[in-house]
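Before I ask anything, let me first share the structure, which is written out below as structure tokens.
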């Protein structure tokens, strides 16, 4: 699904140069559920931004779905984000002025689908996350867990190959967090690759594989220990990843 | 003061602040030039005319009865009218005149010293009776007033001219008693009197202050007969209907129209007043729009820095310090705009004077404009700044 | 897509109604002020007779003092009216399609005693061709025949208001009107007609009311009628009316209609020949300088548009610039405040272009709303200006000016929107996705 080799990302200001990612190597197989862990400032977010084509990188190669994405222009990158990638954020990032339907509609608007197709897709994906009945509600009328489920619906509505989740449960209590993780597990089981950034070991335990980042490098890559998750019947309850 | 941090903040958000500065600069340039134009038109309108305009009524007798075609009949009617007008209580003096001063309608001619090899110099002229100076309210500076016999001298008439015209005709200042001619040397006039400056028929004409009075029996059937009636101060109101009634009683074969000279002057300067009003509206709206812009920008800058304000408050800044901070920031922006604006003021003035019309600008006007914009800027920034100062110090620690 | 963009724009405007109202009012004021003053300028400088302004020519000849030209400040200038004697002579030409001099006279109309006292009117003393030249619309009847010019026959054309006053607005053709000492038969009644500017006689008030009655020119002789407009001379006007008519005094506005280039050249030759003939008689001794000015050139030469109208228009455009600057500042703040939302949209696949278009579209919605408000406000502005002047010139919006206002609004919206839209579309989405 995703292959990064010697990827480097440097942030420059007038005075300092920060290596957010340096000579970063990572391969993620189709259908994997990968957790990225590390302390604050280790490059997790940069990794996610580069992976999600929200940010560019200085050197190295990055193959996404077999395609080299290092030299794409803005329109091409936008297209890939729209088609292949779904984002889930810690703070949900729903657009407050838009109701649930319109929020989920946003990515569809940047694709080319008819009104009817869009409506069908939105209703279907809201069914999946169990919020069909809240279609006319505004984000402020929903609980945190519901908001995150709308955000997941929005990430899923274009049937992406890859879901990038950034601390998806960071703003939720543990019960809601559990529900959201179950949902991510289901999605993964249906064949979508999930990469989740977190600093919570309990969550990373839900992933099939965990990678630890420090100072923009992978510090202890656990060799692949098991087959992609979707071939398993149950979501894993423990992780073999070590530091 | 905290100039340092303010400058660094401004440098960081330069676009918006540059925009406001340009807006302030343009506003200053437009406002000052508009006021300059307004002053020009106002001053033109309020110039002394040399005429006792507040106490003069004008009367137009427009005959239609065919009898008036007879010169003698017309003359007798004029005599009767004047006799009655002069006898009217409250009337100081009355005289017939060929055209009404300041009215925008009249006659002009050109004269030069008799025998001089030069182009004639333009002057407005009035054919009028011998009491014209008292009626207009203009004082004799040199020579004598008209006497009865001046009217009857057939061709070579004695005239009274304004000082301004006399000085142009005879720059050496010895105009009194001199003869002047038109294009040809036939029928020269003799200058018997020189009067104070006054305006003729067209006060906006560049030779408005060139006025010549020629003694005659003015008026005709088609043109009508005009009178100026000068009243004792304050006696003018209510007199018009009486005059109309009485003159019609004297002779009903005509229409009578009585208007005060002040009204006639106001009509002549109608466009001045209209332009002044339009310019005032433009200035008002412009300052309003600019103030809105400053309110908007300051509001954004307060909203953007809510946390930053909270932090400052937590670190001990008083409300007054926060207000001061934003006012100072605003003052710096306005001042930057104003300094560019001063240049723009003169540039716009130069452009208007060169390509359209206008007058040079007084620097004091620019100074007043600068003060006005400073005040406008500070007042506009006050409300958002006070709102900013209400931010709770607790906000610093809260996540938004 | 358009309806989606519209919906997004409306949502964005509704999010902060006060701010949106300020934005729309700001641009609306700019459009209103500039439209008002552009309209005044436009109407003052407009073509009063577009369908034939290129075939109507104003005739000027230099009969002035050989020693001193018409205007000391403008060396090439010639008198802006002509003499009676020259008019009579050049009207003998059969080259122009229509031709004729005319002037403004002040005359008494005597209604039947029970109707009203005699009242003064402003009359246009003219030939039958006057109506063919300038096309005033007739409500009743028509122009008097050319033959009536000769006699002259006692025929009259009334304007709309005078017909209202004398005949209560009825068809008065064939009835008589007493002017001065004789009765005139009504040949026609005009519909309300007010050429703006009054191009056939602008130097006697370019924005003055059109005349109330029209009479055959030659009645000036029995009445010994002088012009009620400007009369200029450089020699004596003469001792009596006959001498006055033969003098060098200029007071007649002479117009010809020349429909083809050939006709124009022929007429120019004719005028030159006439002036050369006059030189032999000892007149017109200045260098031959005949002018045939088409309507718009003539109006320009007469400087019909007051300079203040130009200044005010320029100032009003600067006003619009200030409003646009204001708008840029406010939109920039508004858009950047929305950066987190745009970050999300970008992450969800919106390209820079899509974001840019969305915001430009929003700016144009603001522009259109502001333009609509501006047009409404400029109606008030023009009404206010109309009350400031007692002259008969009435400012009103026409289709062209509404189109101009719409164009200005769209351009202002676009220009004001470009920079803020560019800024918001080039934000780094990643920055805004992470919790602050």
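Letters A, B and C name the chains as they come in the text, with residue numbers starting at 1 for each one.
The working rule: a residue touches a chain if its C-beta (ideal position, glycine included) is under 8 Å from a C-beta of that chain, and two chains touch if they have at least 3 such contacts.
Since we're looking at a predicted model, the values are computed, not measured.
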Touching both chain B and chain C, which chains are there? none
What is the chain whose Cα centroid lies farthest from the Cα centroid of chain A? B
Top-ranked pair of chains - ranking by C-beta pairs in contact: B-C
Identifier of the chain whose CA centre is least distant from the whole-structure CA centre: C
Provide the C-alpha centroid distance between chain B and chain C, rounded to the nearest whole angstrom. 26
Averaged over CA atoms, how far is the centre of chain A from the centre of chain B? Could you give it in whole Å? 74
Starting from the mean Cα coordinates of chain A and chain C, work out the distance between those two points in Å. 68
Two or more other chains are touched by the chain B residues none
Tell me, which residues of chain C touch at least two other chains? 435
Among chain A residues, those touching two or more other chains are none
Counting only contacts in the complex, chain A reaches chain C at residues 45, 49, 52, 54-55, 74-75, 78-79, 81-83, 87, 89-91, 93-95, 97-98, 106-107, 109-111, 154, 158, 166, 170-171
Can you name the residues of chain C that touch chain A in the complex? 1, 4, 11-12, 15, 340-341, 343-354, 428-430, 433-435
Partner chain B, residues of chain C touching it in the complex: 19, 22, 25-26, 29-30, 33, 37, 65, 68, 72, 106, 108, 110, 117-120, 181, 223, 225-226, 234-235, 306-308, 310-312, 314-316, 318-319, 321-323, 325-326, 328-330, 332-333, 337, 384-385, 388-391, 419, 423, 435-436
Applying the document's contact rule, which stretches of chain B touch chain C when the two form their complex? 15-16, 19-20, 22-23, 26-27, 29-30, 33-34, 37, 62, 64, 66, 119, 183, 222-223, 255, 267, 270-271, 273-275, 277-279, 281-282, 285-286, 288-290, 292-293, 296-297, 299-300, 303-304, 348, 352, 356-358, 399-400
